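The structure under discussion appears below in the form of structure tokens.
Letters A, B, C and D mark the chains in the order given here, with residues in each chain numbered from 1 onward.
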Amino acid sequence: MTVQLPGLLDTEAIRKDFPVLDRTVHDGKKLVYLDNAATSQKPRQVLDVLNEYYERHNSNVHRGVHVLAEDATALYEGARDKVAGFINAPSRDEVIFTKNASESLNLVANMLGWADEPYRVDRGTEIVITEMEHHSNIVPWQLLAQRTGAKLKWFGLTDDGRLDLSNIDEVITEKTKVVSFVLVSNILGTLNPVEEIVRRAQEVGALVVIDASQAAPHMPLDVQALQADFVAFTGHKMCGPTGIGVLWGRQELLEDLPPFLGGGEMIETVSMHSSTYAPAPHKFEAGTPPIAQAIGLGAAVDYLTGIGMENIQAHEHAITEYAVRRLLEVPDLRIIGPTTAEDRGAAISFTLGDIHPHDVGQVLDEQGIAVRVGHHCARPVCLRYGIPATTRASFYLYSTPAEVDALVDGLEQVRNFFG
Amino acid sequence: MTVQLPGLLDTEAIRKDFPVLDRTVHDGKKLVYLDNAATSQKPRQVLDVLNEYYERHNSNVHRGVHVLAEDATALYEGARDKVAGFINAPSRDEVIFTKNASESLNLVANMLGWADEPYRVDRGTEIVITEMEHHSNIVPWQLLAQRTGAKLKWFGLTDDGRLDLSNIDEVITEKTKVVSFVLVSNILGTLNPVEEIVRRAQEVGALVVIDASQAAPHMPLDVQALQADFVAFTGHKMCGPTGIGVLWGRQELLEDLPPFLGGGEMIETVSMHSSTYAPAPHKFEAGTPPIAQAIGLGAAVDYLTGIGMENIQAHEHAITEYAVRRLLEVPDLRIIGPTTAEDRGAAISFTLGDIHPHDVGQVLDEQGIAVRVGHHCARPVCLRYGIPATTRASFYLYSTPAEVDALVDGLEQVRNFFG
Amino acid sequence: MYQDVILDHYKHPQGRGLRDGDAEVHHVNPTCGDEITLRVKLDGETIEDVSYEGQGCSISQASASVLFELLVGKELADARKVQELFLELMQSKGQLEPDDAMEEVLEDAVAFAGVSKYPARVKCALLSWMAWKDATAQALSGDGAKETA
Amino acid sequence: MYQDVILDHYKHPQGRGLRDGDAEVHHVNPTCGDEITLRVKLDGETIEDVSYEGQGCSISQASASVLFELLVGKELADARKVQELFLELMQSKGQLEPDDAMEEVLEDAVAFAGVSKYPARVKCALLSWMAWKDATAQALSGDGAKETA
């Protein structure tokens, strides 16, 4: 009995691309991988590109006049073109490769801390974030606030897991230099209303940073349509390798803002007395970059584009709708976050009566079902809703209704066990 | 006719491990890869581990209660154990994974800039480096000096490519907070006298940072014997993947010093108002780390250890001795750096009459010989010796005397061509 | 890993609730948010009471309950031996098969042997034990007194 | 890539040395350290002289020599066309096969077609051309005058 939902992808074909999905765990139980918000699995197409790189072209990039160096440079810079196309960047030079989304966000925070006016975050200025941020979009701003004397403010949350923007004009003020928020929450699943926030930020002349870590893998992303100044995301959640992240930034800003990490590749000329910096993106890519990983991310972008981001979004929407409906049938289950599939991504957090998420996760694991438990690097959300932690199931392009069913059955077992 | 030198490894066997070394370029010319100081090639053993990770165990690390998360965490933390063993670290918790050596060095510079006393680098204090540093060990300190008001000083070079320590007591003074220098120069090949510098630094209570990027791949490295406070190196030069670097630091320092990048994984507890940080090494590893890359570096360490770092060192010493001798036979060739194999690594820079290194490199490439040309991210060295750039041949455990011969023959062709 | 003994202690925790003590500590397991507040009351070298309050998973809750049963009434020196043996068991990565001698010392606590195979859960099992060790040290140094009075 | 024409210009550079000019620029190719100092002297709309000094590889040196031969004596409008066509050729990644029409405009400069296949060297070939463009713009805006007198 397989459930048919409108908009589903041909998961039977897609799953063949992902070697790990064939794996069994705990003495032959089929792996049901529902931890995609933590990291996605990698298709054969990406692994092949990595292998081909290391087996045929591996070399350091730039500055080389030999074949391998030219290959590696062309592949690395080609990956930048692919990523630029994927997010509809006006220019490839606006795409900076980092090691992960966290570095991307820290990079912005540090640029603004060391910037000249009018960008400089300093005593007397304000930084705005939200209560549903991932720690990677909280701590860099806390550090910046501590180190500069700026004030950190944030939007609270409504009971149903959405941003409370009712006081937007008090939160974002003339003093605000930067507003940084998550596009899709990794814990609540909420898709945030970009336009309203951007409009207010632009009114007061604040820069807008969008953490798209949970959006880039799952929906079409158009940095021009978002009208943000910076957009950060991470490769490993979108079928790419670990060790690669992206920061997109508007060209004028990248030209004006100071560098962050110093070193090889980011300079124009160096003497012992002083240095000048290369134009962006190189100015922000100190040292040997994650070459193979950027190339792998390029292959991931090709893979996702081949399937179509709209199609992936539709698939996940259908799965999420089904999952929300089925989960709400489980007694004592409380979804933390929006309880419909509207304006939400495919990560669903919940509590199950008094049973601690660690125990939920462990008993699910014994059945081969991989979910994540804990505060999902968003502890303020747990504090806000008065819970120690949640269990989170998160879906991706290869997830099936049968896996939702397995989860629901698994939760029944959890309840029986601890009941 | 194959040259036999004492101390050579069985390169015939070793070369079989490196798929890329079988490659031909420019219509069937055998690749002669002499660009190892830029990046090393990767053995099958490392690629297999990467594939196995992505095909069987891929998951985000820590906090997971499912099999894949436990696998990934055990593999990632296992890699830390391997690296700790490789450098004889007193504790595994002293090994921080970064994305490359440049990040490692920037991490130290930033920690010291934000540190409390007695470590804080500030106006009135001094930073000491050398004129033979890689840009990645110059620019971070220039930025720190600019941003804190500290003064940057450096050791000059002697005509034969060694550190000029004659004025060590004036360079390193009571005001010096940190001395950072390269163990083996990537442009000159020079192996620097650690003991003398460390002794003086300890006398004045300055911290010592060693850039071991060109040492870790090529010789036994013992952080305790070095008596440094921090040691940085990079994975891609030592048979590991791109996208992974290491910073080793003394435990008390890592405890006392402030974090650099903020985000997931590096915290103990987060509220909107403030955060506390996890103990080292996690305090310095914000965000999803380069998981596969760290595991790959662990495999590289296993591979190198299997062959034996002493044996690799002996092999390279023999090759270097032979290469120096043969190169000096080439008319008009001037080695920039020590002209013997004593206290030097296997990177040899040279000029060839008036022929520009770009042209030397290009004509060598047409013969399948890959060398690097330019200033090798050490432009102050070129300024010091009054040359625009050098050609650099650099060797590794799979390099053979026949490859040295090919280089020398190639240089003859270069001379004929431009003569 | 969920031995009946563990589930039993989880569902019917022994000694739970905060009572009078010589020292109090609050420990947190940052990886999962488990928390415990624990007090120790000593009578000379004897452990008169261990009282605690907290939230967490079945493993951390059951472990605190087992600790209460095992340590209260013991001489400090004996209690330390129990604590050390439990630590050893939990760090054994599933390699240590409890024998009779061990069972004699650890009693119900041997049920946690299976937990040692799950690195993410070892910290849960150790949470109350680390808190106890810390609180005892404070009680002995006299530091803790002012905190609970 | 090393056509005889290129080697010829490299070994016997035309117009080398700094002479009087209306504007002077100094351009550097940071990836390889090639440098050029270049002056432009205009006579109304005509290029009276282009003089230069620098160090670099055969490609950058030969390219400057070719530039001198091609541009001196030309009307600015024509020179700009030559510059644009050369730029197009160099950015063609080896895909553009120079035809007769192109050869008529670029003359010796078509020898650089092969260089366009080597991304690392394209900048070398373009160094003097970019410097010329920059210097001309300065000369026309009058900015450069004070710098060379």
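Simple rule for what comes next: contacts are C-beta pairs under 8 Å (C-beta built on N, C-alpha and C of every residue); 3 or more make two chains touch, one makes a residue touch a chain.
Just so it is clear, the model here is predicted, and its values are computed rather than measured.
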Chains touching both chain B and chain C, listed by label: A
Most remote chain, CA-based centroid, reference being chain C: D
Pair joined by the larger number of C-beta contacts - A-C, A-D: A-C
Geometric centre distance via CA averages, chain B-chain A, whole Å: 31
Between chain B and chain D, centroid-to-centroid distance (C-alpha), Å: 39
Whole-Å gap between the CA centroids of chain A and chain D: 46
Junction residues of chain D - those touching two or more other chains: 31-32, 118, 121
Shared-contact residues (touching 2 or more other chains) in chain A: 63-65, 69, 267, 269, 358, 362, 373-374, 379
Of all residues in chain D, those that touch chain A in their complex: 28, 30-32, 118-121
Chain C-touching residues of chain B, taken from the complex the two chains share: 62-65, 69-70, 73-74, 267-269, 278
In the complex with chain A, residue positions of chain B that touch it: 19-20, 23, 25-26, 31, 33, 35, 38-39, 41-42, 47, 50-51, 54-60, 63-69, 99-103, 105-106, 109, 114, 131, 134-140, 142-143, 147, 152, 154, 234, 236, 241-245, 259, 261-267, 269-272, 274-275, 286-293, 358, 361-362, 364-365, 369-374, 377, 379-380, 383
In the complex, chain A residues that touch chain C: 356-359, 362-363, 373-375, 379, 382, 388-389, 417-418
Residue numbers on chain C that touch chain A, as the complex places them: 1-2, 7, 10, 31-35, 55-59, 118, 120-121, 124
